[in-house]
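Okay, here's the structure, questions in a sec.
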Amino acid sequence: MLSVENVTVRRGRAQVLNDVSLTLAPGKTLAVVGESGAGKSTLIAAILDLVRVAAGQITWAGAPVRRCSPALVMQEPRRAFNPHLSLRRSVMEPLEAQGHVIDTSHLTTLCAGLEIALDLLDRRPTEVSIGQAQRVGILRALIAAPPLVLFDEPLSALDAVTQKHTARLIADLQREAGFAALIVTHDLGYAAAYADDIAVLRAGQVQERTPAARFVTAPQTDYGRTLRDAAFALGALERVA
Amino acid sequence: MRSVFILILILVAIAVLGPLLAPYDPTQINIPNRLSAPNSTWLLGTDALGRDILSRLLYGARWSLGLAFVISVIGLVIGATVGLIAALGGKVADWLAMRATDTFLAFPDIIAAVVIAGVLGAGTGSLIFALTVTGWMRYARVARGIGLSLTSRGYVVQARLAGLSPLVIAWRHYLPSLLPSLAVVWTGMFARAILGISALGFLGFGVQPPIPEWGTMLLDARIHMRSTPLQMIWPGLAVVACVLAINLVGDALRDALARQDRTE
Amino acid sequence: MIRTLAGLTLRAVVVLTGTALATFALLWHAPGDPALAIALARYDAVVPAAVVEQIRAQASFDDGFWSAFQTWLGPLLVGDFGQSSVTGRDVWPELMASLSYTVPLALAGLAIALALSVPLALLATLRPGGLLDRAAVALASIGVAIPAYWLGLLLVLLFAVHLGWLPAMGARTPAHVILPALTLGLGVAASLTRILRSGILEARAQPFLPAFRRRGVGARAIERDHVAPHAAIPVVTVLGLELAFLLEGVVMVEVIFARPGLGVFLVDAIEARDFPKVQAVVVLAAVLFVVVNLAIDLFYRRLDPRIGERDA
């Protein structure tokens, strides 16, 4: 289980995260929503030990998170790959570091699930579409079968059709592989459709954490309601009630 | 651009093939024909010991260009390593590496080279040491600057998450992005090394006689400036031609790099 | 601001300590027995072993590197440069005497460099890519590639040997400074022209300038308020490097023209293995260099406010 306890992150004098506590059970999906600058990406960086945590602690199954080799899917798929290397080299990096032998059948299955043609992996990141690059990014995240995968705005660089398609693929793969997913997004529609729980982050603080279905009908805080109503108005979230 | 590379090719050819092209043994002393003016036998004349100046220039190319190449490449390796340690090794390593760089930069480098070569005693070894020790800092600065900007790149973060060792990350993800800029610095340092070698030679702290080296040739020629001024022209011209050609290559590389940055 | 100043000062102190350490390490590892070298230089004859041992004890040579380093550094910290190991006379007055030749030469060289490069860069950037611009670039490129010692010899050849207009060697009359200063100035002018030219071109290409022009801001005001300060940034950045270039040039030029300044002082000291003198030049140059770079750094922060932000 991922456990974030009373975490505070400072940048200069500003508190980017302020006493944040969250949990995520294995195999479950938690969506973290909020406006730009709420601290969503910092939360991911803190979980992955990429920024210094001023107070609090973050663990997976009681041990430091990095011990479980978590994976990250980034917002800008092309920038997540070294432009000088073939996609295959980049995809294999998690296996290379962990000393796993490359299991061809596992790779083939994953590629099939993500609808990636195997020869696509011989290209460079600049030679594939953004949607393809993002699917390869997910492939890299899952190649070493991590128990925890973090998604930082995984859909926001994609067009609407590709967004829907990719969201579907992520959900299917999660059902098969059983990893816990923490998805940072500002897309409430996506969060509501695919997450078990939704946590609302505002100015570095968690406002509420609500099961996704309930959040759509009855957010627990005023701010949650404001967010939901904005999504209604945009048509990003369909009125269920 | 193309003409610049042809120029470089000619230089490399002279450095490699120079001894084959040389009409005479560059160390063959011929006192009766000393200080001869250029003529059909000695195309560029002879020096104070009657040695053929053209042959000495051609053999000298190997010393000037070859040593400069060695010095600038060693400097590149040291500088890139220090810069990458600074960029990848965390705050303490960064501070230490940069203060070390500042320390070596805190001094006009040719003067430092003169002091080092002079104190250690004249000779090729001291020369290489002196010019290398004073010639790695710009590489380090550039490598660190670009390295720090790469740290937040997506693929570097991914490589760190994957658990690759810093060495692998530096080699695979940093070095390819550094090389173009390091190449531009390298052209500057190559030119600097040529100037440094001949400056040390001219002061008498460089490559020792009877090895033909352009700076020492100038030093010898200086005494006979009044009687045979042409003797002094040739080695200087050789230095200028090489440095100019290399600087032009550097400018062309820099422009190409800037164009590439704009299109990205 | 005070924090920045303190940080920069700390940095300067660390760098100077490093320089001192590197210098001492170099002299420590110089081939030969330093005590014997000093004794031979001082007495110029067969020296009794006892004298050598006495010198060795005085300089703490036997107590190991760090102890000898402290013995060496102590007097330096209070500005005592010691005595020449050859003549036994104080180093400081001799150093000052040589500086009285070097400073006017460096200033004259700098003046020539500025007088040539500023108008040349301004003329070149009137029409970028035009004939004048290309000529200036070509001239500067060649100028950067010419080693000072060769240029100096060529000038001597032309003006002293051939035309007989100017004196070449020594420093007896004020006219003796002309050729060395010209040699120095031409070299610095070449690199300064290149930097100024690209600085001005870059400043004129700033993306917001067309909007200013459309709003009716005069060309002169734009040049004064937006082009000149921006073009100054790269120039100030490389001033430190230019100073290095100037000092290097001075050393070479003084040797060529047999001008008894810092360069001749240094080269003679090295040849005589007179280490106290060598140290004095090294320390002086390092202090000068670090102080100037500190000043440049502070000035630079005022010109370009982004730098302060980045550090915060």
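Which chain is which? They are A, B and C, in the order written, and residues in each are numbered from 1.
Here is the rule we go by: contacts are C-beta pairs under 8 Å (C-beta built on N, C-alpha and C of every residue); 3 or more make two chains touch, one makes a residue touch a chain.
Computed from a predicted model, the values in this text were never measured in an experiment.
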| item | value |
| --- | --- |
| Core chain by centroid distance, with centroids computed from Cα atoms only | B |
| Centroid comparison with chain B (C-alpha atoms), farthest chain | A |
| Dominant interface by contact count, named by its two chains | B-C |
| Whole-Å gap between the CA centroids of chain B and chain C | 21 |
| Separation of chain A from chain C, taking each centre as the mean of its C-alpha atoms, in whole Å | 56 |
| Chain centre separation (chain A, chain B; CA means) in Å | 50 |
| Residues on chain A engaged by chain B in the complex (per definition of touch) | 48, 50, 69-72, 74, 76, 79-82, 84-85, 90, 93-94, 96-98, 140, 144 |
| Complex contact set, residues of chain B against chain A | 153-155, 157-165, 172-173, 176-177 |
| Residues of chain C defined as touching chain B within the complex | 11, 14-16, 18-19, 22-23, 26-27, 29-31, 141-142, 144-147, 149-150, 153-154, 156-157, 161, 243-245, 247-248, 251-252, 255, 266-267, 270-271, 273, 275, 278, 281-282, 285-286, 289-290, 293 |
| Residue numbers on chain B that touch chain C, as the complex places them | 99-100, 102-104, 106-111, 114-116, 118-121, 191, 195, 198-199, 202-205, 218, 222, 225-226, 229, 232-233, 236, 239-240, 243-244, 247-248, 251 |
